[in-house]
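Below: a set of structures, written as structure tokens.
Across the two complexes that follow, chain A remains constant while its partner is chain B and subsequently chain C.
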Partner chain A sequence: MGKRDVQIIFLLYFFLLGVFLIIMERRGSAVNTPASRPVTRRSKSYGRSCVEAPSYFWQTPGHLAVLKIPNSRGTAKSQTITNKVDPEHIALLVKNEWKLSYITPLHHFRHTRLKSYSKHLSAFIVAEKQQGVAVEVGLEAGFKVTFSAVLGLAENDEDAETVFIQIQSKPVFAAVADAPKVVWRGWLTCVNGDLEYLRSLPPDFVSLPLFCTSGPESLTTLVKSWFERAFDCNFGCLALNSTTLNWLTALWTGCHPTCNIRHLKLAWSLPTQPPLDVSYTVNPQDAWELWNSIHPEESTDDRIDIQEVQSFINGLEAHFFRHFKIFLSAGTLVKVSTALGSAHVDGKIKIGNSDYITTLLTLLTECALLKMPA
Partner chain B sequence: MDAQVRSVLRRVIQRIPNKNIENLLKKWNCLSADQLCALDYTRPKWMIVEQVTSFCEENRLNLKHITNLEMIYHIENPDKGVWHACQLTEAQDDAVGVDLTQFKEQFKAHLHGVVRHISIKIKKHEDEAIWIRIAWGDNFSKPNHLKPTYVVHHLHTSYVFISNLMAKHKIFLCQALVIATKHGSIKDGHLSTRSLTAMRELLLRRYQQVTYPAMFTVTKHLFAGLFTDPCIGKEHSEHEEMRYQMSCEAFGHGPTPKLETAVYRLETRYRGNGNHTLSDREEFFRGVVRFSSSSLLDSLRHCVASGMAEGPVTPLLSAITQRGRNYFVITDKGPGVSSQASAQRA
Partner chain C sequence: DTVEAGTVVRGNDELERNMVRVETVALSKGLPPEVITVLLDLALSLNAGTANCTRVLKFLIPATVVPQEAIVKGVSWLCVGKMPMNAQVLFVRWVLTVFDLIDCKDDLRSIYGFIFSFVTEENLCPFICHLLYLLTMREHVHPYRVRKLLDIQAKMGRQPFLTQLLALYKVFRPDLVTLSLPSRVRTGFKNHNSTWKVALSAVQRKNKGAVLVDQSLSLDVKEKPSSRKRKLHHLAIPPLTSAFDSNSSKKVLRLQELRSFKELLENIHNIELPAQMGSLLGSALALHYLDCVQDESAFLRLNFWLGHSLQEETCGSLFHKPQDVYQSFFLPWFVFVHCSQEGFSSTESFLYKFLSVWDGCLLRPQILDLLSDIPLMPSFSVESRICFFFLCSVIECLNSMLVKWLTWHSVSASEGGLDISLNIMELVRFVGLLASEGLRLESCHVLLLNQTLAFYETVCDMFLKFSLPLIIMPPAGVFYPALFATDSVSVDRLGYIMYRYRKNLTLAKKQEQQREQTFHISRNTYKEFNRNLQAMVNSMWNSWWCVPGSEIEIDKDLIALSKVAEPWCRFDLIHHPALFSYAIEFHQRVSEIFSH
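And then the complex of A and B:
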């Protein structure tokens, strides 16, 4: 082999190396074209399968649409929701107290793949629960996860359908015939979400911003971490501020003519030492008459203004003040409850009556969208 | 010992934390010194219960002894359960002359006369309180020792404190008290709390009402730290002093009786701000206000002292301490009166 041959070989080698490097670089430079990057799904061989997506998104997509805090909203509308939604699903929603969180949009979530999500999530939970346990002494043998779609809650064209998740488990020593017990429930929903915002999301994203859970905190954390890994999203606690609680007070009181709210109960907490809890339960008819004097029922305008809501709350606080000389505004409004439901400032709600569920969920969806980091 | 006696004994022992059982058993004085030494209080509760039960069987103790133990437990721990206050009225001329023996005789005689099966135990405590334990039966069944009523009364005061009384027995107990104390009638005191100590302090005025100047200097230091600028502190000090004085006048200074709740039933006309259509209404704006806290009077006092409540303290709140009650029905004095609301008896 002469000198020339060696040169040719070297040249060939460098050429191939160069080609190889270019190919590698092309793979790595997909940051600028996020939507076109396919998601790789890998199945690990030791039986633990989960969907892994490379994460490019450090920003929530759709951040360019600005969400405005509304100053007015429509009055609470009653609708027999059981016409649109399966009554069994509605019964599940009305039963429990739900803890609220918000979720950023889900990447590549498909309503058609719910069965496979069920399998993946249950395998994930079992694997996580067995971590660090040397001998299998777990009290719960297996977890059965069911994802189901609750059709009919979505209101406008851009709302995604609600997804309901149920986790059942069967204790190890239970008899074969025993039905597995439901240990955790959760649902993701979007009702009357802001149209501009939803339309501004890239096509692979589904927005179901409101997440309601009921069950042990350990399972909630596991479900959240599975979602975070599978769909590249983030969760956050959705606390309800006093404005939201004020809206609910007014909206629910306004429903009294069509649906007896039984009582209007407001709870404040004053920062004294020790803290003082004040609960004011107003007769529903009297509360409604006060609301009606501020926002007459016969008015053609179907919308309620924030000033009217503020007036209503001020009226109640003023009546209280005339008797007790205590400034309720020195404390925080902590809980509102009527027969239609209750809402707590820590982000806990209870749905009492399914007829007004749409109004409540619209308000909460809006809170979730506003709370998400831009 | 029969089954009922054993279950009463078991219930008493199970309620007490292990470290307090020894003192209680010593006070009871029904177990011998050897038996007391033999008990190991580090064992699980069920073992202690078993041991004590077997010692009681050995000593052939009966229902009387066990109910005595239960009474001692309640006297030592008066702040369990819910207590209600009642007030005796229309004292007859010889009411002041009633002594303990007379009271006991009359009380027992009346109850034995009206209720066929009943078990009454009366004990006088060092602090002049008479403790009464009543296990109620009826014409057909023996007294139920698992649900006894407890009554506490200080002779020559007009208050009676009752815990765990069923509605159907109320009339008998009230009659007996009225007769035994030589009063004309008894009425509901509208005060209920978990702590008997708090109730006694409030009604028998055992806690300190105001002499504010001495206490103010202490609290002044508490507030002083809040303001970094001495000029601001100086401006505020006069207002603080006034607020503090008002709070002490209404709620006393120093530790207050530990009430937990106060309930006001409002039946007054609407008094919101500037809402004319509603203010002209004849009907009442009904509602129920409930204040609750781990120590209600401390919270209310802090409320006034810090400015969250405007002074002078409204009579609705100061009535808690002045009148010694925590349930009120507030009505307007009459039609046409626009600004005053008065606290009236329910």
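And then the complex of A and C:
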């Protein structure tokens, strides 16, 4: 039977008055958006001095870092990132669709040893593909792995530099002139990570919580197991919840004056039998005017509040309801896409424009850090 | 000893006779070290002829030890290259058989390179690999040796002996060679000792004090099922691997090299932590070592791994795991947490989540042990749908937890430790509520009452025994079921508890009056105690249990409905149902006396 795909593509021709009316209604009524509860995560350091006998009750001598879900964040700022980062690297990041995972902090990872890591990983992949046959580390056969540091993406002092990994396959019978084909790409990054949390980690840990991959799943699994064995870290899937997608919607819409977002496409999934998929495309100018009425551009306040974001989404949903009598809030927002990029609730992103890459990565780094085990 | 130790004549007959004599001695008692040296030299130099070489090797059974010079000389004869192939093979096999009897292996290790050079001989290769496997130390693993072995592997294919040796090389130098060993790949060495096995064990049995030769290969080089299969769940303990990045110049041992607890103790300061801390939960030996680890980063790594594995598993799915997951994951983890003094935040957060869905049966002893170990636990609510025996066990374990807390308090109170009296109060109140509810639901079941009264026996003496100035009375839901219980043990225990309360309160009052201390027992506590005492005395002594205005006042008409005669004295000493058996016994004794 499958899903019934009803594509309702509706281009919103905006009547200023109509929308203002909706907004006025909203402002008039008591809008009680429940503020997000700060979620405490504690990072403890475990120490026992040899001098005193171990106390029966474990005391926490170390630091306590609290990770809160922020209620407000700065507006998306355009940044000609190519000033800071090598354009070739940027080109690689912008091309593909990336699958997201989070990583716990890496132990004894050194940016100075990237070459040796490349050799190890390639030997590991070859050994795993041929079970039971030992492989010399350093010998170039089958797969060529390159680890490189992408400098410049890190924003604050505690961020570690981004590491980019590329796997090329060199088939055994290829002619010498054949260029090796890139079969897999991945990168680990930390952009604007929570300063307190990063400082609370002991010095031999490096935190690069966001891991983006593109390529066959088998290679991704191999790379992950190599990392787990080499640096005693752990991987998990990073799914994006609807709050994150809402933030992205608002942030990207707010960029429209400086950079044409070309469209605002939202995909919803409604829990009917069979499930109903709704694809809702909004004219960028109209979306921007709606956003502007909630958070005026001229306001000196550089920060966006979660309540403003919620109002924006409610506005879009209310408009949809007026025309189709369907409450979109009964379903879940599944995908957001603009010319600046797209994000899917399963943890897949695409970066469209390198100018706003920092904002996107900051948001994603935050999501990854929130998944760190206590 | 009729064994000759001197020169052997080349003449055939005499040689033959001597040979026979030596052979008989060898097979009966074994040969002393000097003789072994001489004979080995004789055989391998081919001075006695090629046929005798193999013959001598076949009866060369040592009695005690084998001197390493003999072996070294033997290897040098091997290098000369004049021996026929079957003799060479036999010699190497003999070395393997008596390997554990060689007194010291240092010289052998120093000629590692010479031994290694024989690896290219196809016939010798399996046995040489085995010998190298037994001799290899970290300093022997060099890139050119790795390359040589890989070349041989390319020629000979995936031979199990090569794989085993390369796996050992990987343990020592994972930065030089890497290898993936799923369980279906064969590893191991050929049987080498068939020629001597019977004779050797016979001789060893005779000389009882001798070193026993270990016939087995113990190193577990194989890993768990490979990562090719999709991970069905996240609760898997990673395999023990060495960190490849270690560049320590000092000699360190890895956990995979240890064979026994004794070796662990000898080398305790010299052991390198594995690449993945979680793998330490995989073996008992490693668990012992984990207790001695002082490194902060190591614990953080372990906590990350534990927290992550548990986080990825939703609590509900824990009830549908195959049995081996509990054995392989939960039990080692719980054992470790229970035995170590170190707490982990991941354990606590897991427990809180788990208890909300727990059915009371899964891994019950381990969970209850964990519960009593958690320090300074905030209040948590246990679902009331838990079953009866579980409730008894919970109260029992909360009792032991209370005792531990009180003991800790009494020991560390003088040192100015943390003040846990608020937590204790909360715990006691919580147990009071739990017990009242449980007794109500289970119609005052005697087992539950028993556990509850045991708990209050601890509570009543908090001041006198543990110097904690807290006196908390049992709630009505516990007091009255005990007072009106139908078994004598409960009534007796209640009496004892009230007696202890009185003692504690009297001492507290005295100290307060003498202004000896700084605490203050509230008047309400005294009032509560007095009320309870009055109820007890009224019902048991004054035959008047239904006092108007008391907590258990019942309407007179309701009591009349029960049609019991003289209901107000039904709970006094004479008529109490719990003490009924004593009454009967009393009558029986009295009638016996009077009948005589």
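Assume the second predicted complex is superposed on the first by the 298 of 374 C-alpha atoms of A that agree within 3 Å, B and C clash if a C-alpha of one lies under 4 Å from a C-alpha of the other, contacts with A are read in each partner's own complex, and residues count from 1 in each chain.
Just so it is clear, a residue touches a chain if its C-beta (ideal position, glycine included) is under 8 Å from a C-beta of that chain, and two chains touch if they have at least 3 such contacts.
Because the structure is predicted, anything quoted here is derived from the model rather than measured.
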| item | value |
| --- | --- |
| Most chain A residues touched (candidates chain B, chain C) | C |
| First, second, both or neither for A:P274, with chain B first and chain C second | first |
| Partner chain(s) touched by A:F324 [first = chain B, second = chain C, both, neither] | first |
| Chain B contact footprint on chain A (complex, rising order) | 270, 272-283, 286, 289-290, 293-294, 314-316, 318-320, 322-327, 330-331 |
| Complex contact set, residues of chain C against chain A | 143, 146-147, 149-150, 153, 158, 162-163, 166-167, 169-170, 175-182, 184-185, 226-228, 238, 241, 243-245, 275-278, 294, 296-297, 299-301, 303-312, 341-343, 345-346, 349, 375-376, 404, 408, 418 |
| In the complex with chain A, residue positions of chain B that touch it | 264, 266, 268, 270-273, 275, 277-278, 281, 283-296, 298-300, 302-303, 306, 308-311, 313-314, 316-317, 330, 341 |
| Contact footprint of chain C on chain A as seen in their complex | 42, 44-48, 50, 54-58, 62, 104-105, 107-108, 113, 116, 120, 123-124, 127-128, 131-138, 201-202, 204-205, 221-222, 225, 228-230, 232-234, 236, 371-374 |
